[in-house]
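Below are two complexes that have chain A in common, paired first with chain B and then with chain C.
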Partner chain A sequence: MSRLDPLLAFLAAVAAIGSLLLPIGFNAQLPVVSWTNVAHLAYCAVVVGAVGVCRMRIPAWLSGIAALGGAVLVLSWLDQFDAAGDGFWLLLTSMWFMAWAFAQRLSTDPGAARKGVIGMLVPLAFGATILVAWEAGVRGGNVPLVIMPAPSVIWARIVANTAMLWADFQQTFLKAVLAGYILGNLAGLLIAIAVDRSPFLKRGLLPIGNFVSALPLVGIAPIMVMWFGFDWPSKAAVVVLMTFFPMLVNAVAGLNTSGAMERDLMRSYASGYWSTLFKLRLPAAAPFIFNALKINSTLALIGAIVAEFFGTPIVGMGFRISTAVGRMDIDLVWAEIAVSAVAGSVFYGVVALTERAVTFWHPSIRAGKT
Partner chain B sequence: MRSGFGNSVVPVLTMVAALIVIWYGAAIWLNSPVILDRLSREGITPDFFGLVLRTWSYNRPIMPAPHQVAIDLYNSTLTLAPSNKRSLIYHAWITLSATLLGFVMGTVLGVALAIFIVHNRAADRSLMPWIIASQTVPILAVAPVIVVLFFNLLTGQNLIAQALRLNAEGAQLVSKGVISMYLSFFPVVVGMVKGLRSPELIQIDLMRTYSASSFQTLRLLRLPAAVPFLFASMKVGVAASLVGAIVAELPTGAQSGIGAKLLIGSYNGQTIQIWSALILASILAGILVAIVGLVERASVRVMGARP
Partner chain C sequence: MTSVVSAKSLGLTFPTADGDVVALSNVNLEIEKGEFVSFIGPSGCGKTTFLRVIADLEQPTSGTITVNGTSPSEARVNRSYGYVFQAPALFPWRNIEKNVALPLEIMRFSETERRERIRKSLELVNLSGFEKKFPWQLSGGMQQRASIARALAFDADLLLMDEPFGALDEIVRDHLNSELLKLWARTQKTIAFVTHSIPEAVYLSTKIVVMSPRPGRVTDVIISPLPKERPLEIRETPEFLEIAHRVREGLRAGHSYDE
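What follows is the complex of A and B.
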């Protein structure tokens, strides 16, 4: 229970009343009023009623339903006027405060926070609220397409151009990113294992690796395009270079984590270098290796797309983005951004899930399951 | 810390020397086919040394030799006036200004978000997953687009543009800075949230027994405790901002800046220029990280830490 709860509820109610009184929008300069709309009246009644009955401490289920209803109402209003009026923005604000009150209530409630599904509900609700606000803001405020298209427009573009987006995805992700990611990480890991045997090499390479990890390595892209040609191998080469150093640095650090006690135990079992490596040191290094894999999952996608700016065959996400920007075809650009965002998040998610499965023994994972 | 650094000077220098040797070797290996091809057309069969020397001094090499890059870097920085458009210093300054603007915006945003997240559980639970997800989006890859969008936003007919009244150059700068901000706010948020939560319960309880307000707790306990975390994050953030500024300059009409230099070099096949721009970018990254490190040391000393 926090002090913010009543304030949010109060503001939501005030904004709801305001949205009734002020014109919701304009059709050819004529104001559109909302007090003839049953759904709008119902929303205001629910919000004001809830604030009154619950003395501003609205239970989560009620504020959740109110926020959801408000979102539907906001979206349904969009088709009914040319330009939004102050009432519309107040309605959006009211819905935003309701959603916030919902999140506030859920996350300060100690019982709810622990349950998995409800724990997911808060960030999901936040994401949905952002989407609704984006849609309403862009369409209600008549923001030009060049600056920012509405989510629904982007979605329509994705649906209309699935085949093209899929071809781009194949070229960039399935060929360049995956090939480069696997090669780069494998090379980094193998070199780390090789370097690990020599303290001299380790001391020499680690600072360099750390330094190179901070460098703008993407800049190597034009050179790689010159060396390996326009097709995907040049992009894979950029990805290899970008993923190599984070993996090297992390794997070397990880191989050193196993303690002296554990190594002594292995020695007392008469275990040789290789069996110590596979049975003790690599598993102990797994959290570090996965850390690098996670960092690299984003880097790989970035490297491949940026490399495509320097020359591609006529397919690929980077190619599509740079040509679509040139033609001011902004909704296509956003469709590609959406695809790359989903691809990046899913890629990251897959690596993170694999990590949970492989390093189930690590305290940071065990702590997650109570 | 210092003794560890001293221990690694010799190995690092050895490694750097080895890399330079490998670089020279790669220059021979990669350039020799082109050179041989050209010489055979002229009907000359060179001896080995002649070939090696030619691969190291070819003016449009596939792989330039280190000294060629060093000479080009010297010529394009120290021999030209910084205001000259051919000077790399000029381009570096353009990129650096966007980097610094973005870095400052990102750090401020990051610290503000972290303070908000630490004080509001709803913000923690709803923002934090999205902040992490925001970094799995390859925004850097679409940075040039975002730059164009912001440029349109800042120069178009709308409230924001009218409020800020930027000229084209300023709008370009700010829109590049936005990318740097996006990349640098993340490490700062994550580090600061950790840092602001780093005081132990017993210390926070002590503040409560003094009846300190949450603002006083923030100012007197949480912020000082978070300083080391802040600097660690800022080192990551400043490097990320430089990368962001360079990529933001890539395909979309930027005429100056290190990124534009890379692009122009790649269109004209000027490999030496690409390499010297890359080396300069690396030097810049090193300097920026070192400056943050120096500020860290100074501030830690002011705050009374013993080395």
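What follows is the complex of A and C.
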């Protein structure tokens, strides 16, 4: 229970009443009123009633239902007028505050945080609210398609072009990103082990790694195209260059985290270099290595997409974005953005889940499970 | 009796930015087979350094030392000692069983041999049943017992212990001390034990080496007349208190408070 709850509930109720009093929208300059709409009346009654009965401390389930109903109501109004009026924006505001109250209540409740499903509900509710506000804002405000398409338009575009999007995804993600990611991280890790072993390499190679990472992506990409051709290998090469350095730096730091006592212990067993590496130093470095893998999972996708701006075959996410922008085909650009956002999140999620499984022993992951 | 450790006019100097620090100077000491030797002294007296020299974790700068009749580095390569550190130093990604298995894996014991030795050494420290627990799921005392089991697993005759119970509270420490004595009686090992607790040193040892700092040196070697069988109550007997008194005198003689 926080002090914010009553304020949010109060604002939601005020905005709901306001949405009844002001015109919800205009059809051919004529105002459309909302007090004849049963659903709208019901929503306002629920919100105002809940605020009154619960003395502004609305339970989470009730604010959740009210927010959901409000969202459906907002979307249903969109088809019924040409231009939105102040009442519509107040209704959207009211629904936003309800959703906020719901999320606030769930995320501050210590019991709810522990349960997996409810823990997922907060980000889901937040994402859904943003989508509804986006849809309502763009369509209600008659925002031109070139500036910002509504989520429903983007979705329709995705559904209509799945074959093309899949081909692009295959070209950019499954070929360039994955190949470059695996090669870049592997090279970074192996070089880190070599650097760690030899003081000469530490002096000579680390500065060069630093230098490579400072090269601008837009400069490297065309050169890689010259070297490796138009197809995906040149993009994979860019990804290798981008992912190499974060892995190198993290792995070098990670290999040095094992404590002096643990190393003395291994020495007392007369353990050789390799068995110390595999039994102590690499496991101890795992949290650092996974850190680099997570950073690189997003870097790799950015690198591959941007690299495709500098010469590709006629397929690929970066290629599609650059040509669609040229044709003012903005909803296709957004469709590609949506695909890459989902792919990037899933990629990151897979790496993060693997991390949880591998470094289960690390205090940051076993927190509270001792 | 044969000497397990034999040090003759041993010295060790650490070069530092502020000039040389003499950690050990002219140390002469014999540790016989089967003895329980405690090293006691204030911090900086070189007791840990001496243990680390035996373990070949530190190189002496003068004098000679043999371990099992060989140089410390040969003794280390022959895996002739087990070392217990101030902290348990268990690997958090390995459960207790796997932690005890660590030296056995490095020394390439067979799978069946490993399982048998893990069982035996965990039983010696009363940790049977905790095989699958991870170190961070156990109390500090249990973790230190697991680290002792790990040092026992490959059955070296010499056990080097560097303030193993220093971080534990007194009740746990008393308990582990009496457990350690039982373990010593059962395994017949030679134990070198660093501590800065006088009762602990007197209670455990057959020989107490009193050391003092600047430079680190041995000021007194006390052969304990206490019987091998020692219940915790022995700490209230006059004999016990007399030895404790002598240790305290030795510590005072070697330590000046005016600096």
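Rule of thumb we're sticking to: the second predicted complex is superposed on the first by the 349 of 370 C-alpha atoms of A that agree within 3 Å, B and C clash if a C-alpha of one lies under 4 Å from a C-alpha of the other, contacts with A are read in each partner's own complex, and residues count from 1 in each chain.
Just so we're on the same page, a residue touches a chain if its C-beta (ideal position, glycine included) is under 8 Å from a C-beta of that chain, and two chains touch if they have at least 3 such contacts.
Just so we're clear, the structure is a prediction, and the values are computed from it rather than from any experiment.
Taken together through their common chain A, the two structures put chain B and chain C side by side without a clash.
Once the two complexes are laid over each other on the shared chain, residue contacts for A:73 go to neither chain B nor chain C. Geometry note, superposition on chain A: angle between chain B and chain C about the Cα centre of chain A is 80 degrees, to the nearest 10. Look at A:107: by the touch rule set out above, it reaches chain B but stays clear of chain C. Of the two partner chains, chain B is the only one that A:321 touches; chain C does not reach it. Of the two partner chains placed around the shared chain by superposition, neither chain B nor chain C is touched by A:335.
Touch criterion not met for A:251: it reaches neither chain B nor chain C. In the superposition on chain A, contact of A:280 is made with chain C only, not with chain B.
Ranking chain B and chain C by residues of chain A touched puts B first. When both complexes are overlaid on chain A, the residue A:158 reaches neither chain B nor chain C.
Contact with chain C, but none with chain B, is seen for A:265 once the two complexes are overlaid on the shared chain. Look at A:84: by the touch rule set out above, it reaches neither chain B nor chain C. Once both complexes are placed on a shared chain A, the shortest Cα to Cα gap between chain B and chain C comes to 13 Å. Across the interface of their complex, chain C is touched by residues 259, 261-262, 264-271, 275, 279-280, 283, 286, 359-363, 366, 370 of chain A. Against chain B, the residues of chain A that register as touching in their complex are 2, 4, 100, 103-104, 106-108, 113, 119, 122-123, 125-127, 143-144, 146-148, 200-208, 211, 214-216, 218-220, 222-223, 225-227, 297-298, 301-302, 304-306, 309-311, 317-318, 321-322, 325, 330, 333, 336-337, 340-341, 344-345, 347-349. Only residues 7-8, 11-12, 14-16, 19, 30, 62, 120-122, 124-130, 133, 135-138, 140-142, 144-145, 148-149, 152-153, 156, 158, 235-236, 239, 242-243, 246-247, 250-252, 258-259, 262-263, 265-266, 269, 271, 274-275, 277-278, 281-282, 285-286, 289 of chain B touch chain A when the two sit together in their complex. For chain C in complex with chain A, the residues that touch the partner chain are 52, 55-57, 76-79, 81-83, 85-87, 89, 91-93, 102-103, 105-107, 134, 136-137.
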